[in-house]
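Let me give you the structure first, and then I'll get to my questions.
Think of it as A, B, C, D and E in the order they're written, each chain with its own count starting at 1.
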Amino acid sequence: MASLSRETLLNIFLTIGMLALPFVATAIDEPFYITLATRVAILGLAGVGLNLALGTGGLVSFGHAAFFGLGGYAAGILASHALNYTPIMESPFLIEGTNQMLIIWLVAIIVSGIGAYLIGLLSLRTSGVYFIMITLAFAQMIYYFAISWPAYGGEDGLSIYVRNAFPGVNTLDPQGFYFICFALLMAGIWLSATLKNSRFGAALQSARQNEERLSAVGVKPFNIKLTAFVISGMMTGLAGALFADLNRFVSPSMLSWHMSGEIMILVILGGVGRLYGPLAGAIIYIIFEFIFGGMTEHWQFFLGLVLLGVVLFARGGVIGLIAGRARHD
Amino acid sequence: MSELLDIENIEVFYGPSQALFGVSLKVGEGEVVALMGRNGMGKTTTIRTLCRMSKQKAGRIEFAGCDIGSMPSHKVAQLGVGLVPEGRRCFANLTVEENLVAAARAGEWSLARVYELFPRLEERQGQMANTLSGGEQQMLAIGRALMTNPKLLVLDEATEGLAPVIREEIWRAVRELKATGQSILIVDKTLSELLPIADHCVILERGRTAWTGTPDALTPELADRYLGV
Amino acid sequence: GGAKIGMITTLSGGGSGLGIDVRDGFMLAINQSDNKDVEVVIEDDARKPELAVQIADKMIQSEKVDILTGIIWSNLAMAVIPSATAQGKFYLSPNAGPSPLAGKGCHPNYFNVAWQNDNLHEAMGAYANSVGYKNSYILAPNYPAGKDALTGYKRFYEGDLAGEVYTKLGATDYAAEIAQIRASGADSVFFFLPGGMGIAFMKQYAASGVDIPVLGPAFSFDQGILGAVGDAALGVKNSSQWSKDLDNEANKAFVASFQEAYGRLPSLYASQGFDTANLILSALEGADVKDADAFRAALKVAEFDSVRGDFRFGNNQHPIQNIYVREVVKEGDVLTNKIVGLGLEQHQDAYAQECGM
Amino acid sequence: MTNPILEIKNLNKSFGALKATDDVSITLNAGEIHALIGPNGAGKSTLIKQICGGLSSDSGSVIFNGQDLAGLDVAERAQLGLGRTFQISSVIMEFSALRNVMLAVQANAGTSYRFFKNVRTDKKLVDRAMAILARVELEGRADVSAAELSHGERRQLEIALALALEPKAFLLDEPMAGMGPEGSKRLISFLDGLRKEAPILLIEHDMDAVFSLADRISVLVYGRVVASGTVDEIRNNPAVREAYLGETA
Amino acid sequence: MTAALFFEQLLNGLQFGVTLFLMAAGLTLVFGVMGLINLAHGSLYMVGAFACAAVAAATGSFWLGLVASIVAAAFAGALIEMTVIRRLYNRDHLDQVLATFALILIFSEGCRFIFGSFPLFLDVPAILAGPITLPGGLPYPIYRLSIIVVGGLVALGLYLLIAKTRLGIRIRAGEADREMIAALGVDIRTLYTIVFALGAGLAGFAGALVGALQSVQVGMGEPVLILAFVVIVIGGIGSIKGALIASILVGIVDTLGRVSLPSLFGLFMDPSAANSIGSSLSSMLIYVLMAVVLIFKPEGLVSQNG
């Protein structure tokens, strides 16, 4: 390709910006900006996960908070057991807590993957609005369970107190943790780009647009969609584990429908199906929250106006606004 | 004979790509005009623009003495354009009968008359449109347009997918309609049926009006050049 | 000395009335004080734990506040307080008092100026004994604070239970529970249903024609909410560590000045906000907030004129205080509360001994 | 007699009181075009759906290359070599014509679970798909999205998709519909050659096409096969003339 | 549980179900028939409740308040339809979700700006206050009985409107193919505004009726919204009959679940654990119900195509 498309330029710009941010923040002595950026990266990753299901696969999941929360609780539970030196279970075999991020991530990915597999297995029988609602229903079930389940704090949630460890990085240092999150975000974006352009991605996009045709050429749409849903849930689950570490806290609110809505909004805000859409959406959302939140107690009113403006006048989200309508391929 | 429809030099875009580069055509009161051309030459686009489903960038459209170039779709239909669209487009979640009455306007064509024309529809009247057979859907689309009692009936490939007997029926109906003075703009691939009833032919090529004339004037050479037959 | 205080509280969405009252009470005290070196930054948490954590980070890292306060809800408190105190900040709770923070998880930098969550319920249990109830039907939403509430009631209540029910958090139709209550043969009903749940329950209870007496903590009968419950609340006994008719100078001045400043009667939450601010101000008089040990000591002695009269901290830095029983009455057109007795005297919470301090 | 490639035995399907297919038995032999005609709503498309697995049959069986297809779903039957076109074009609208065909090629190869290699630069896929597009004379429109194709072009794409599957039998539901007169002519000669690759079960209302192509014709009326035979037999069958052909023949 | 109590709980379940239906009715119209996901439905419900409370407080008449609730919500509905919603019909569900979510924020904060953060007072009118004795000696609140009646009437009215009138046919045609119905001469734009306003009016009406029974406060619409969606989806989108059946099913299952599950578990485990598990489970029950229904009938109980 001779010249880069505007979208590619924008993506490069966003990547560089995110990379430079912690250094700028340190230079102007605003360490909090790193925390904000970490949050952006994590929510962005959750969004990238959802975007795979939603943008590429057309699976409008209103229950991704379930995977976000499962990942978060996986991290929280492992870490809290490590903290208290109590095993998670002793029989039939011993499972102990851990504060190693790498193990925690793995567990979070597996747990949320299993969750997504089970939920997907049942929900993918439906489609359209029914799918939206049944994913919501499953997430709500988990939510109500978590609220009333006393072992890990119920609605009060579970504190981790200290951030988990990553070999060779001081995770307590905001920069260190930020770069971990950022690296995972980039890996997530790379993975979703690769998937989208692969044969699997072609099948997935076809499943979104025309299942009848996909099965007529001999591919089972259900299996394709289920695979995508599981991968999507895993990515969002990983983001949940990071989120737990960022806040040093997990609570059922990670599982609530507001959270599902928020992740979805990030994705739409940035541009559904766009590679960097979730990241752009997360940046904007967090900035609004940050700027308006301190200004007036009626900040949600203005947030509402801004969101409305984006949907009505920026089709294809912010990326669409800047980079133009998606091309067909 | 006064002009019912007068389209002059319209240009139409789909997003950035231009589909019509200057189409002109006229339909007189009581006339049957055949709109012809190979696949992808802009027949449907012309019709969409007439029905205000696509907007022209340039050119003029007059219908029954009104400039309809900037009217909304429903106004044009109310002025008397009845469309049988390409691909049927029956309302999937409505029954046959509901499809027919949804946009009906008073006039000669009533439910009873449509059922008389297409007895098959009467048999299937309570069935959801999306479960009809392809041909049944086609009949429904024609019936639905007739129920609006249009001044100008627009048929875009209305006989596609119909069994020969039914097709004959439809041609008979078209001839009858013509006899009653109905104006018709028609796109169809069966030239052997189309040419005898058309008063005028308009041929499109690459989004332009390439030829206009009476069916008699359509020589085999012209037919070969523009239509490939 | 001066100090920078960060207030994280709920100012928008459902339940924002509580946060607004805390803020207004707090700011009233700040504005009345001569100490002009106190700066307060206020942010809205919209009742979301993640947002509260983010704001706390911002206040600590960016605003560099010395003291945090303001959180209304236990789950938000649990999200923010442990990490804030771990980072060396002071946190003074003007409302929530989750049990983990009163017991094992107590912290030298954490002070609760309101109550431990169980306190008001315990007082109601004690009161139920004192008026001779023997068969209570008790209900609360199915979440930790609800369980704490019923545990608190049962801790002091000595009679039998006609029923113990946990309802869905956020439920607003109580016809089924009311029918169970009617059928249970209870002689009293104790409930903890904060916010809209309580309003709905009381209205529906009154309309049902069941006339078993009702008891509850102050939360469902406080000034901000009574207007919405209406006459259905008349006569209900509820427990509170504060009431606007408490007879002490500080309280009289507070009630009068709050009404003057905001044009409405102060609520329980406003009183807690007011006390919290005054506690901080009193400590700042003697100690520099940067000198953590001195400041902590100054907070701990709690030398300020609390609107609830006597006020002191226990070993876990939660209040030891009187909890009164009030009755909902009508003063002219306005529904309000009147103290009718003492539920628990100089009461300390049940978790204090688990606290290592 | 040769073994039929596709053998349909006593298929039935009812929608409520309506018998859409009623004890239908037909066969498709190697190298032949078997045309299925009949009035609108006779059950032709229903029969195709039953064969392809989109609709479950009330009773009867479909035997394909000696294998009973009972219990297999649409995708599995397609993998076995049933290539169909839809009466109403069903393509991937946001994909270009080329990518539509590439999808069918990858599906035919059974490689839809490859996650990493970029399809756009996958020469194997692209070349094969281009070749197929060329066969239906759509190579000039390869990069146009299906949504932007005209109706007739989409019908051609339908056929390309079936070709890409390299099926062992074609089931074509009104392929002529929407083709202009010229397109129809070309399609007729194309199908004429295609029968050598695999036999075709052809549903069509275009009698010119049917009469010039079919080796055998079966006539379906109200779900029943009322006549079956050579072109001449059917053409001269008075019942068929009345119920279906009218004066065309 | 005695038979009388069981009967009473059944009645409660029915009543709760009809309340749910009332809350969902406007949404069914807009979501089921026009195909628009309107998350702001809960906000319109709230607008109705606030309008009713404010007018009732000012005039002393609940009935005037009720009228005000319909008018205010319908007006708000028409307003947002013309400014926002109209642009969304051709968009996919996602854009609708985001835009109407934004409307929730705007409505909630707007409402709080006008009415403050404290719940408002709204009580049932005097003639409907208190209990009435049912045959069998069971006292039952009159107001709740009235809700059952009103809910039934609303269901009937909606059903007739959608299924039996030309207006209904046209709205449904518009959902299937807006461009086509316009090309046939129906002014679908205006029609949709009217229908949306009607749905909004119904939401407001429900807000007022239910608000009198529950509480009138900012954010009251949100829980309603999810419940309403659950009901519609269980019932089968677009079907008024389905929504009614589903509401009653949900109402009864929920009510019976929450009164009986704890004691059911009590049969084989210790009471406090039973209580805890039973009530946890009962709070998940309607979602379980929904999942089960959708797994077995992926298009809801009363599927439109059959």
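Rule of thumb we're sticking to: contacts are C-beta pairs under 8 Å (C-beta built on N, C-alpha and C of every residue); 3 or more make two chains touch, one makes a residue touch a chain.
Since the model is a prediction, treat every value here as computed from it, not as a measurement.
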item: If a chain touches chain B and chain D alike, it appears here; value: none
item: Least step count from chain D to chain E, where 1 means the two chains touch; value: 2
item: Reference chain E; chain at largest CA-centroid distance; value: D
item: Rounded Å distance, chain C centre to chain E centre (Cα mean); value: 34
item: Intercentroid distance (Cα basis), chain D paired with chain A, Å; value: 44
item: Averaged-CA centre spacing for the pair chain B and chain A, given as whole angstrom; value: 50
item: Junction residues of chain C - those touching two or more other chains; value: 11-13, 16, 142, 147, 166, 168-169
item: Residues within chain D bordering two or more other chains; value: 148
item: Shared interface positions of chain A, touching two or more other chains; value: 144, 147-148, 150, 298, 300
item: Chain-chain contacts as defined at top; value: A-C, A-D, A-E, B-D, B-E, C-E
item: Touching residues on chain C, where the partner in the complex is chain E; value: 11-17, 20, 142, 147, 164-170, 172-173, 175-177, 179-180, 183, 195-196, 199-200, 203-204, 207-209, 224-225, 227-232
item: Touching residues on chain E, where the partner in the complex is chain A; value: 31, 37, 84, 87-88, 91, 93-95, 97-99, 101-106, 108-110, 112-113, 226, 229-230, 233, 237, 276, 279-280, 283-284, 287-288, 290-291, 294-295, 298-300
item: Complex contact set, residues of chain E against chain C; value: 2, 5, 8-9, 12-13, 15-16, 19, 108-109, 112, 116-124, 129-131, 139, 141, 143-144, 212-220, 222-223, 255, 258-259, 262, 272, 275-276, 279-280, 282-283
item: Of all residues in chain D, those that touch chain A in their complex; value: 52, 54, 73-76, 78-79, 84, 86, 90-96, 99, 102-104, 106-108, 110-120, 122, 125, 145, 147-148, 161, 164-165
item: Complex interface listing, chain B residues touching chain D; value: 14, 17, 37-41, 44, 86-88, 120, 124, 131-136, 138-139, 157, 160-168, 189-191, 227-229
